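Labels A, B, C, D and E are assigned to the chains in the order they are written; within every chain, residues are numbered from 1.
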């Protein structure tokens, strides 16, 4: 009887002399895995044009109906995106979004990508609706190479508008 | 409360006291041991060794609402559960805070249907909404940090000052 | 008694109360940090440098929390109960010798059995019935818990309250037996004398091995500490007697529990581990007195004895936390079984051994070792014949589905 | 059996107490109680601390998943199954996917099959770890909880590596997997599987032979095989009574018949046997996962989703090249596929027992009716049978040993 | 054990009560009259050769627009023969009632209560047919096809003020 009781004590005591596994979160951030699905970003092409062509396939694929896309015709002189249309309004309700990645799977131009930011806390429900300005990466960032997750899962982003939608 | 109501406004003393009290409140915020669904498992994950909420003095999960300061609504609140949540909230002594952890607690999330309350803020006032389905333990800790910031701006009586509302959340692009 | 003596006693009381409450506060931090380390975590480290101000944060928060009295509670009793719990826990300390700092500046008087020249500042009063006082006071503690459980008008609290009265009463007897054996061994009720008689190596654990084991189990149950924390039993009774208590009233219960834990650890040290003694203490006192005179000698002696005492208490507290981290909780009926069917008979047996052996063999060293042998033998037999279930591996492995013959 | 098996309702306990016909005390345990594993409410009839009768009251987490699934397309409904038994989302995914695949009659590539087995076995370990942790915590052995969660974190990390989410992976889609396994998947898994057995030993050191643990578990909550089958008890709870019934052996799915593993069974049907059986199951799962990892290594890269374009969308690079692929892609994501009329029932061995999925198709792209046979829901019925005459403390241990997940109970 | 053997055995005992038989994807399902449903379940359970002792699943389906509107589906499993058979029984409005399997299989208790709760199908002979998942004062049976899903509009910037203005937010 005593032996077993002492054995239990020994197991816990052993850990006192080991380093804790704790990650000191706000100071130390454990990097997430490459495929981690966090906050969305709308990507651009290398020439700065938006990848999103306003097809709303993401909104159709979303199980939580958290995406709103209102397409508009591109101005031929100064197009937002290759092709005829672009997303005039693109909103994601982050409190509805379940980060399932269906929008990413459905997007034919790999415009929407779930990136690695997971710190999404709000004081107010109104702040949880991310508009296109917030989702779209700045013109000088986040374009060129396909996003790493798509490289890893062996899906090449499509070249600029070969097909006319 | 008690003391501060009797003492009234003491000017600078109150302000200093306020800082001290708010410091105490943020560093010893005992959560109510209360889990509903999937998020509760991540909340337990946040308590566990890898994330260790005890670093913030939060490992004393109190099962009794009388001893709790923070209600983390972790999971979907059904119509049958809503009165229970409200009663627990009412049983908690002031000052008390509520975090709606996860999409379902925050606004119903994917369960946009007859059975789920579309946001626990229909039942109890919510201080911080944490998005994610379920949020990572880090995301929950981030939510708690945000709550701490809010608490630091509060009055000693626990009266809530409106937090600075960001019209646009901070957008980080790597 | 002149006014200076009274003033010193007042200061003593004040300092000790303060010290004990601070010790309680830091025991909570000690427990939380230690538990965390035993569980591969970090523990509170945010409030102040390295989490050092965590107890202060807890205190501030609890102090400024709303004070709720449930509408259907029995209000006077509900308010009285925390005080009833915490006062006995505090007044136990009146008789506990933390060390020996003789204000008459003669360290030798600490060993003097008739205590004529002793004015020990590290003990408030050396009652000649100190142990009876301790027993009496600890048994008052149960009222706080039971009344709290009853007054809250909550079924869980009531179950906790009932559990507490049953548990504390049944372990009181075993505890009494164990302590009485100690009293018999040293022939005194005075704490100071028990300690001073343990001079050198012959600590109380040697004659009273059995008594020590009974004392530890009974005392842990007495202060409802894991694995005997059935009164709170968070998983069963959501907090037991303190379910309906919040803010400072809850803190008082918490305080009572932890102060009692420190107190029983201190008592264990006094009864069984030589109190403030450690080998070589008198040599130290002699050398320092020879070197720097009796005043410094007494002060050094006092401080070192205090340090030795506190170190021993800390070891007991460590073990208490360690056990809490490692073992499951007992069940209520098994707890009663253990108390009545094992500890009480063993305690009575120990009492008989002690009486008979001491009367028959007056020599101190010889009877100590004989009692040690008897105690060890009894323990071995008790462990041998107990009926704790043995692990039986009923698990068999089958490679395909297989149904018992009665099942289609 | 002498006494007929009854399953009381809360009303049957409360009403006599209100009318004052009983001498006993009625205690509401839950829905907010530390050891009811969520929002289970138990109505207890107590005589002192002895449980005279009890009735579980469920529904505090009723989510309407079955109704919501009827309004989503088949593929989109996968994400809802994740959130049912939230300790084993992949098992739910698998059960639902198998049922729809049965309706569709699609073949799944071998690589996907093996990955499904590997990941569900990891899921079983992680689910049992939560059970072990909370079970030990309910008996106040708190360190086990933290150790178990530490290992679970590693499994969640593997899930994150594979699918991008820790818990709600939605990784098993109808027709295969959501994406291919990443390159560093196998080394990570093998590393984990190598250390896991020693960690299980550690938990056992703390519990298996500990007299306090034995006192709390041996001979408590006993149920015999006959009553267990009559009450529909499944999973480790059934196997602890000595009935060696495991769907993985009885009606194999996903190629389980090709793996070598054994079913651990108990004898007494008490809490201790359930504990031992689940611990043994964890070791068996490690064994299966190791075999699966070996097979994946041998098999090498390959397709992970059915080539049937009517069910699974084409690889994305194809849609820029082929018009047909683009049409399929759009059609599948907007409308979804249409299984033929009919119904299918599939059951799998989830960590909690037999998880069944009954899908009715009316030929439209949305399921007409989806019903889940939730093992926790049905296991809960036996609680009253096992707890009568025991103490409240035993009841706590008993609930934990049944391992109910309220998300699954209430759906 | 295969489908044909079971079917033949069923035809021998409750042959006249069988309404329809179907084999879809290798699964046998037999649609029976209410009386035949109970008799078939009892026969399958008690016959020593068949031994379908385990009621694996029981649920209801609302085929709105079909006659009969409701159908109760029960899956019986023979642990020994590793075989499952599906029994179906229809019932119709205004008072959809089927016999209860609870006296035969205690495990049917909760599943029948759930079916009653969500679909409103009554089970004659059930010991305590009350709501189980929904609150006792709930009106309606949500899994019926004519019951609305009860969803709320998802908030975006264009409609959030309108939604939140109507939403009953809690106060302190």
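The rule is simple: a contact is a pair of C-beta atoms (placed from the backbone, for glycine too) under 8 Å apart; a residue touches a chain by one contact, two chains touch by 3 or more.
Since the structure is predicted, the reported quantities are computational estimates derived from the model, not experimental observations.
Note on connectivity: the fewest chain-to-chain touch steps from subunit C to subunit D number 1. With contact taken as defined at the outset, subunit B and subunit C are each touched by A, D, E.
At the far end from subunit C, in terms of centres built from Cα atoms, lies E. A separation of 22 Å divides the Cα centre of subunit D from that of subunit E. A straight line joining the Cα centres of subunit A and subunit C is 56 Å long.
The distance from the centre of subunit B to the centre of subunit D, with each centre set as the mean of the Cα atoms, comes to 30 Å. Separation between the centroids of subunit C and subunit E, computed from CA atoms only, is 60 Å. Residue positions of subunit A touching 2 or more other chains: 1, 4-5, 8, 11-12, 20-22, 24, 32, 63-65, 93, 96, 98-100, 125-126. For subunit E, the set of residues touching two or more other chains reads 53, 79, 82, 133-135, 142, 147, 149, 154-155. Touching two or more other chains at once are residues 33, 48-50, 52, 55, 63, 79-80, 107-108, 110, 112-115, 119, 121, 133, 136 of subunit B. Taken as a graph of touching chains, this assembly is complete, with every chain in contact with every other. Interface residues of subunit D, counted against subunit E in their complex, comprise 5-9, 11-12, 58-59, 62, 64, 66-68, 71, 102-103, 105, 229-232, 243, 245, 250-251, 342-345, 347, 354, 356, 358, 360, 368-369, 371, 373, 377-378, 380-381, 410-411.
In the complex of the two chains, the subunit B residues touching subunit A come out as 49-52, 55, 103, 106-110, 112, 119, 121, 127-133, 135-139, 141-143, 145-146, 150, 163, 165-169, 171-174.
Listing the residues of subunit A that touch subunit B in their complex gives 20-26, 29-30, 32, 41, 63-65, 93-100, 115-128, 130, 134, 137-138, 141-142. Here subunit D touches subunit C in the complex through residues 25, 27, 33-35, 49, 136-143, 146-147, 150, 206-216, 218-219, 225-226, 229, 242-246, 249-250, 262-268, 272-273, 276-277, 280, 391-394, 396, going by the rule given at the top. Partner subunit D is touched in their complex by these residues of subunit A: 1, 4-5, 7-8, 10-12, 21, 32-37, 57, 60-61, 63, 98-102, 105-106, 108, 110, 114, 149, 152-156, 158-159, 162-163.
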